[in-house]
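Listed next: structures, encoded as structure tokens.
Shared between the two complexes below is subunit A, which has subunit B as its partner in the first and subunit C in the second.
Then we have the complex of A and B:
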């Protein structure tokens, strides 16, 4: 999105806002803010044990926040008139995201540096850098991070298959819609259901059809989750099965938007199919490819459902993703503090990694597309 | 002589064309089998009995006689429908939860996201140092936020706010999860509409809100539908937050399916029936609304 100077849509301010209207607007805003602050303080002191007075839980504070947020939105119009109406387009979403992300993130920083077992009666205990120290010695967390690299690398294969399928669908074929819908279907399925359908039943070692096929092909004792390598591959295959259609659709859209003239020109110039693909189609598809792969990486970094339901990270953590590892860390030990710190470190790694990757890919795309 | 050569050339061309056709359709059929077999397997297994499962029978009516065993255990077979069934009640409860939560979250996300995307596309904002592009980036960057980062803080906060195992709590989380995607799609939609339309509407005396709701919304309705459906699919399939933040009251379908998988000695037929019942709604959505799904997924990707 390009930065804009001034509004794209100009509006004319009709009438001025009277001083009393403005006054009541500010008054409502400050009253609701004061109410929210007061209820927040009251409940904090109640939780800290300073006062007996307080509510059973923080719900009333939340309501006060809602009221303040609603008043804030409404008073935009009361105080600023037409300009306030413009602000109202973005304000609700911004308030929502800030209160749902920024505030919990700050809270996470507070939780991450404490020893907090939800099951224990002692409650939260600040423990400084202990969690960080524990993390550095945690071989399983490191293992989960390395697994994420493997899982991310599997995207190369997924991308190749998705590109192949997109090329197939862009050929002159009958019943194109049928094939497209068929290929799209796996994307509709929940990873949990896929975990059962494929992971637990089709890959079941005794009766599963794939196990039977493997036995028929000469694999004596097919076990897909027995040793680390095959287990990891099985998880990758299941995840790929659900998400290949996603990349396929994006690449297909890219292929369909390629200009006919360029392709025909290449054909007239006598380029073979192979040359046409590598020297014309592939470079032209780079921007779309980068978008598709980036979004895919983002989704891959959240990989957890299949692992939690099928292998629970086993054997010996070989299939653990960071998310499934932290999930079990919480489920088994209900240690919120340590889990939160691990998640925060993961977030930092992701942000740094993604920024670098976007920069590098931008440069590559510029160089490649600049050449032709 | 030249004529014969020409003929030979044409024949070779045709042979090559046929070979190409063969390869293309061969690959198409192969991948169709890869895509559909797990579905077929699950659906057919839900009609099998124990010996059929163990023998690995695949083709119904030829290999095995379909039976309602799996569906009966779920209380959804024709003869069990008239009787009361606790499993069916639970299943319907979860189905309703899933529908309500994903529907409400998607609707909320489309509402908030459309407004934000429209505002960011038409007006210039300044919030401290943040300008339009920064605010856009702030919204879209939420996409890379892994759920696990927010999961445990949410767990603790929700416990304090008594929001655990409530509809509101889960709807809020799901709205947050799909909001960046909705904004991404809608931004693209609004960009295709010329500003002159609203200018004309403003001249005719409509306010900005009037122009938005009466002129713009009808025009981007298809885009909103696409965004809604994509959000719906993501919410319907979500498991991680549902597993953490719900316990008995507002469990969604994936949580029910996962909890059944965990138990030892599961009945294949009933698990298959449960999985089938869980995925069928979305399979229908996929088949019927494929156009919108594709429109949603490709928005913003291709310029």
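Then we have the complex of A and C:
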């Protein structure tokens, strides 16, 4: 083993790689890369109808990619020796991300800017910005986006309830563990099951127990999905019932990690219960709160299962979410190109929206907690 | 099996698989024999087979199980044995793609085909799909050129997507004979039974919407008196036209249900979308107004594929559905056809509903039905006038009332994919399996018991067979009359089998939801929005190609 200057602590082998080893390493890498690129180009040409030569399907190209990826990893060590081994800690994960995230995203872009109705005999046709233009004039998509704003705003109420429940469960109450598990149960249910159990059974207007209770309370003809406002509220309540426990458990964990000394000091200083909450607990909980709300927003933006099960977006689109609309566009109408573009635009909106919100909330947290 | 017997068989060169297969067959036969009261001493005549299978397990004796399906499959093997030698398909593997709705469809096919597999030596691999996934899976397979199945259970409306693209195998003549294809009801014969003059479908179902109503409502003296007292014209009776359905439904608001004493309701419209299937129910109303006798076109203009959905006949149907909304149960706007048929009508809410034949099948056999004693059936209501699209005006119906039963979905069929044609043995095996599932005797069993399939053969109209199986004579006569009356009606409205037909229905459901929700100013505006959306789909799929296939599906 030779030694050299540099990171001596972590480097156990350096500088002993022969020129021929490097040559064969590079040769293997370039051959595998060339094979992968050639098979990709050949199959692309075949699919685009430029050549007759090609494979029956894309599987050989996939195999070429696997081989190239394996050779890339192996040649890191062959070419760079011990230093190359460091890359092996990251490279497989990076290749996995490229395969499972970056490539599908690029493929989605390729599909999203095309006219591809699965029933069309002509197959996929590139159509430039037509899908984007169609989207701008699509009243259903716009309606669904507006609905999402309302759904997202409901998180404010959900947060308040979740915080209240978390405070309650952090107290020394009887059967505290039992209540914690009980409050978590809705989160364990599938939203589809919630849709059927609550939306289509308990809220059923004739025999549903909640409808009966409403009748007993004097509501002559209880209707939970009959008009747009009630239907939207009913969907919000069902979704909130499912996911409030999620926020509650995050906030509860945050409450339990608060320093008891700080709380006791506030009490000793004569702070009232409200002052202790508003001026001590709430600011200290802000980082956890922001995380909980952000994750909840991400969940909310994917809202679809309950809507598809209970209202199918009705009445008159009042409960439609972007995801439930895309689902109809894609599944019922096989409109793959347009559906994919709608999903991509939604992704961009979410990324921009979430980034902005994180920045804003970060500033608020810093201001309120005094951290610069 | 004793070891010495096994050893003896092995000495005779019997493979382990043959031994196991033989054991399975013997076990199946023993199972059958217990039902039949002893081992069969001779091949049964067709009538004997029918009499025996219809008692498995017997109407009112619980839901059939896998053992029952296998027994029925074994007893119906006669036609297969006449065409295929035992073990002829040994080594052949087939992939079957179908549905698993309500534990029916593929679940039954597995049982029916198990004895067929044991006899022929073929093996079947299964792809089970939920209804919601079916369309997407099929369309993706077609569009991406990845058809990975040999036999397909498919609704006839998808023939435009499959036969229209050359993906199906044409039915051989020996299969036509084996399944007795001439026994199909009229409307399932050519042109509906063929695509471009060729036969691809082994029909196992005959879908058509009929009119289900509560006989007790229309025999109720209190309601009859109220009808007179309120000054309605004519006697209190079952509506024969959609105008009467409207009048009766509005009259019933505020009255008492004769069975439950709860609120009485008339017709039940499904206002909520159902993956495209909900549009059939608007068609039920519309066909009486737009389907002219002698003119097969009622959805699109066969000259240019322009939608007819915004013509005055369709607008009247949409307007009537809008008008009735406030007279129907609370939250009806959130009711899909599953709700109207099963959660409402069968559960005792409402007095009239249109549906496929399932309502009649289940009214007397389902545990959740409370209307078994009072359910009655007819063909869809008609109209005294009809919109003549060619003349561009409303005309009086020739016979007083224009009836146009809606042949919605045209029924399920078994199809063999063209990809098996390169292998003669596989091709023959696939068609043999399809013919077994579409056999004449097997078909009467599936029509009588829960299967998801309804009557579709003329031979299924023998009342005595249904009565022998346990059905009540009057009930089944009334039910079958509504079914066959629809199928064989000269002015039946036949669904066009064009590619993407459910895309048209699905987008129409979205626009209708907006119309019903008050987002459009009128029924006409709603209809215009549907027409505009349909035009977009036609242009996207390809107008010329669509027009050609549309005309072919109408037999033009």
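The working rule: the second predicted complex is superposed on the first by the 354 of 372 C-alpha atoms of A that agree within 3 Å, B and C clash if a C-alpha of one lies under 4 Å from a C-alpha of the other, contacts with A are read in each partner's own complex, and residues count from 1 in each chain.
Definition applied: a contact is a pair of C-beta atoms (placed from the backbone, for glycine too) under 8 Å apart; a residue touches a chain by one contact, two chains touch by 3 or more.
This structure is a prediction, so every number in the text was calculated from the model and none was measured.
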Touched partner set for A:140, first subunit B, second subunit C, both or neither: second
Touching partner for A:221 - first (subunit B), second (subunit C), both, neither: second
Which superposed partner A:369 touches (first subunit B, second subunit C, both, neither): neither
Which superposed partner A:346 touches (first subunit B, second subunit C, both, neither): first
Touching partner for A:202 - first (subunit B), second (subunit C), both, neither: first
Subunit B versus subunit C, judged by how many residues of subunit A each one touches: B
Touched partner set for A:118, first subunit B, second subunit C, both or neither: both
Partner chain(s) touched by A:311 [first = subunit B, second = subunit C, both, neither]: second
Set of subunit A residues, in rising order, touched by both subunit B and subunit C: 57, 116, 118, 206, 330, 336
Subunit A-touching residues of subunit B, taken from the complex the two chains share: 24-25, 27-28, 31-32, 34-39, 41-42, 45, 53-54, 56, 58, 112-113, 115-116, 118-125, 127, 131-133, 135-136, 138-139, 142-157, 159-163, 172-173, 175-176, 179, 183, 187, 195, 198-199, 202, 207-209, 212, 233, 236-240, 243-244, 253-254, 257-258, 261-262, 268, 271-272, 275, 278-279, 282-283, 285-287, 290, 293-294, 297-298, 301-303
Of all residues in subunit A, those that touch subunit C in their complex: 57, 115-123, 140, 204-206, 221-226, 228, 231, 310-318, 328, 330-336
In the complex, subunit C residues that touch subunit A: 132, 135-136, 139-140, 142-143, 146, 160-161, 164-165, 262, 271-276, 329-331, 333-334, 336, 343, 349, 499-500, 502-503, 506-507, 510, 513-519, 537, 540-542, 545
Touching residues (chain side subunit A, partner subunit B) in the complex: 1-12, 56-59, 61-62, 82, 85-90, 92-94, 96-97, 100-101, 104-105, 107-108, 111, 116, 118, 164-165, 168, 171, 173, 177, 179-198, 200-202, 206-207, 209, 212, 241, 245-246, 249-250, 253-254, 257, 287-288, 291-292, 295, 298, 301-302, 304-305, 308-309, 322-323, 326-327, 330, 336, 339-340, 343-344, 346-347, 350-351, 354
